[in-house]
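One chain, subunit A, appears in both complexes that follow, with subunit B as partner in the first and subunit C in the second.
The block that comes next holds the complex of A and B.
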């Protein structure tokens, strides 16, 4: 029920507030009524046919870095 | 490879995190960490995260599965709505098999001829309304803050389009109210039969509401909260962050899921919800009973889209299925394996209670991924103390 998946925006239709996203190989139409300033190639979190939020590539990188560092603590 | 998914499931990093947790946790103490959200419960079981933790770090499963906490009376209401020949009831798939009173479910009434349609999105429900102008299309809406904004968008859109045959049976509930209710419950507060040392904050709920709403009870109840992503490495990193806070005696709101969650959350979505919905004075939760200001209702200015008003939906108080321990499981007081019906009478194919229906329910997660391991290993040492009048079932 609370499943949400990261997907990449590949087309935007501003008149209807809809976008086409790619989830791996699968393409889907989703509403972008809940997010602001999305652009092609942005990654968004998809839930029940809506983009909920943008995913920050910088923050994702930082979190992955934290995982790697966890093993190095003394 | 799926970006932002596969990297957060890497086995080598899981081993690193696992050894860090072993190193940093104090063997002399117990760490009981409650994951509020069913999405975390699901991830913990699916990826065997508990097996990567030392003996003294335990996950306690909370009530954050919207299907599981919906009281039976509300499903009875929805079934009643379908008995009106003019109604098409649209809902998310998870609700179809939830047992209602009299061994009914939406799936069963559909098989008997009621017009119940499973939709993936509120946009689908709007489409059905446009295509069936002579029918009343009711969207049976459930979910936490994550799922509420799409309902609000649909209501606004229906108003804009002048769709006269669309309405929403609103059952949206609020996360902070439920967490507070658990912390205030006598089982947790006074009798300390359930010791919760820290919380995993929900991922997707927080993407909407932000991390700020948790600050109040981290302070008030002096419990650490770490907002955690739903992938297994997110859960492990967050466990490590909680362990560090507990070791230091801190009780702060920290955010592990920074790639999506900010302190303020999604303000556009919040504004949309605030325009269409308002707090309900009281709402019944399965397992928690009546919780004040824990749910939303449709505002007077959008009353024409409120199915409760349009169809004069009555308040039904139905009792839970006999023998089903969902209410106690949802409070973290019992485990699925404590239920006599678990795995015998009650399975995902033939669920007796809501916790076995949704894949985010604790019973379904135990059955699908953890059943045998849980039976072999030592169970969590939580002894329930029954208090008369708190549980509304049995």
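The block that comes next holds the complex of A and C.
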């Protein structure tokens, strides 16, 4: 519900503005066309196939902790 | 990656149309319970991390609910800043859906996609710049914040957004587009313009889909902030006392009903104009009225942000509660009415409930179900029409169809 997932960029295809992101063991292709200056190992919030914005590793960790606490990652 | 939940829509076909619709939602509607036991300030800091889609509206509803629960008075100027930021987010969300989703629905995705994503990236940048200008680095969604008084009417981010709207959506300035006051003039507009919005409406017209999904589900209004008398659609008024009573029922946030009836909430239920009134008379709450309501809302928002009227819309943090330690925060988010309910005891959260617009709109007997139940055609035609309707009613949510043909 109205949630965006923090995920780590593990590969970038600059020709298509697409990236492979990882959340735990799961990998997914998302568009990075809406976010400027994305690099491998950056964390982004993803929602319906798009990276929405970059977040710091600390914010990503805090958010994932919160998801776990809310029982969303079980 | 199913943390955000999903909506499964089973369309049961019989003959040349839909015989029944079944909706099942796995959206985590109780996730806000994570705040129970935490301090109010910590919860308000964490809220936008957890609910980052429409994060501005979520943060705004949260702080309003907490302020009421704590009995805090809020300066009008601060509420006006909040309203502007929520409106800006609504504008961004509508632009997102139009620039990125409508080309797919028109089956012309590959034509201009890089251009549209580049434009969307600029829109997000303008939104961020606007927030920086307006708040000077403060966070207006925490308790007891002081926001400097800054006049941002006609500032650069707003002017740039106005230019994007003029070039890519309306093909004329938004204030001139708002002067379109009849179906005849609307038709002339979409037939003589080449923007994505004009092409989209033209397609709806050519396929005679104007009344697609028409039904009698009532719209939601918050009684204390909006006038029922001006609406040409049938509306149901939420009053705050009854709302508090409804939140006693834990399932209210999962499958909400108002006076035992389903209601809907989105641009259609909160925007009005002479054009929309004519559309309602002609095609009710069908597809054309929904699309024009979204365009109208975008034009109205940019005009308001450009002009900064002396008497802006009333603030929405006035929902007094007589139950000590309780508060309700209401926000007109992009998708519809977003409501937070909070109980606070000794400055800690005792109860935190969020009722999102999607739960009204995707109620198993709600507006999406009723709209889809009207569809006729073969399975391919039904899927196209169903996608159009869902995008028009509540375009954020992830969903998938299961077509079940029965003879």
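To be clear about the criterion, the second predicted complex is superposed on the first by the 55 of 74 C-alpha atoms of A that agree within 3 Å, B and C clash if a C-alpha of one lies under 4 Å from a C-alpha of the other, contacts with A are read in each partner's own complex, and residues count from 1 in each chain.
We adopt the following convention: a contact is a pair of C-beta atoms (placed from the backbone, for glycine too) under 8 Å apart; a residue touches a chain by one contact, two chains touch by 3 or more.
Since this is a predicted model, take the numbers as computed values, not measurements.
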**Message:** Looking at A:26 after the superposition, I want to know if it touches subunit B, subunit C, both of them or none. Which is it: first, second, both, neither?
**Reply:** second
**Request:** Check the residue A:70 against both partner chains and state whether it touches subunit B (first), subunit C (second), both, or neither.
**Result:** both
**Message:** On the A-aligned overlay, A:8 touches which partner chain: subunit B = first, subunit C = second, or both, or neither?
**Reply:** first
**Comparison of subunit B and subunit C by subunit A residues contacted** = B
**Prompt:** Which of the two partners, first being subunit B and second being subunit C, lies in contact with A:37: first, second, both, or neither?
**Reply:** neither
**Prompt:** For A:56, is the partner it touches subunit B (first), subunit C (second), both, or none of the two (neither)?
**Reply:** first
**Prompt:** Taking the superposition as given, does A:47 touch the first partner, subunit B, the second, subunit C, both, or neither?
**Reply:** both
**Asked** Which positions of subunit A sit in both the subunit B and the subunit C interface?
**Response** 1-5, 23, 31, 33-36, 45, 47-48, 52-53, 59, 62-63, 66-67, 70-71, 73
**Item:** subunit C-touching residues of subunit A, taken from the complex the two chains share
**Value:** 1-5, 17, 23, 26, 28, 31, 33-36, 45, 47-48, 52-53, 59, 62-63, 66-67, 69-73
**Message:** Applying the document's contact rule, which stretches of subunit C touch subunit A when the two form their complex?
**Reply:** 1, 3-5, 27-29, 31, 33-34, 46, 49-54, 58, 114, 117-118, 120-121, 124-125, 354, 356, 358, 396, 398
**Complete:** Listed in rising order, the residues of subunit A that touch subunit B in the complex are 1-6, 8, 23-24, 30-31, 33-36, 43, 45, 47-50, 52-57, 59-60, 62-64, 66-68, 70-71, 73
**Item:** Touch list for subunit B against partner subunit A, complex
**Value:** 2-5, 7-8, 10, 13, 15-17, 19-20, 23-24, 37-39, 64-67, 92, 94, 120-124, 142-144, 146-147, 149-150, 153, 202-205, 207-208, 229-230, 233-234, 236-237, 240, 256-260, 266, 268-269, 272, 358, 360
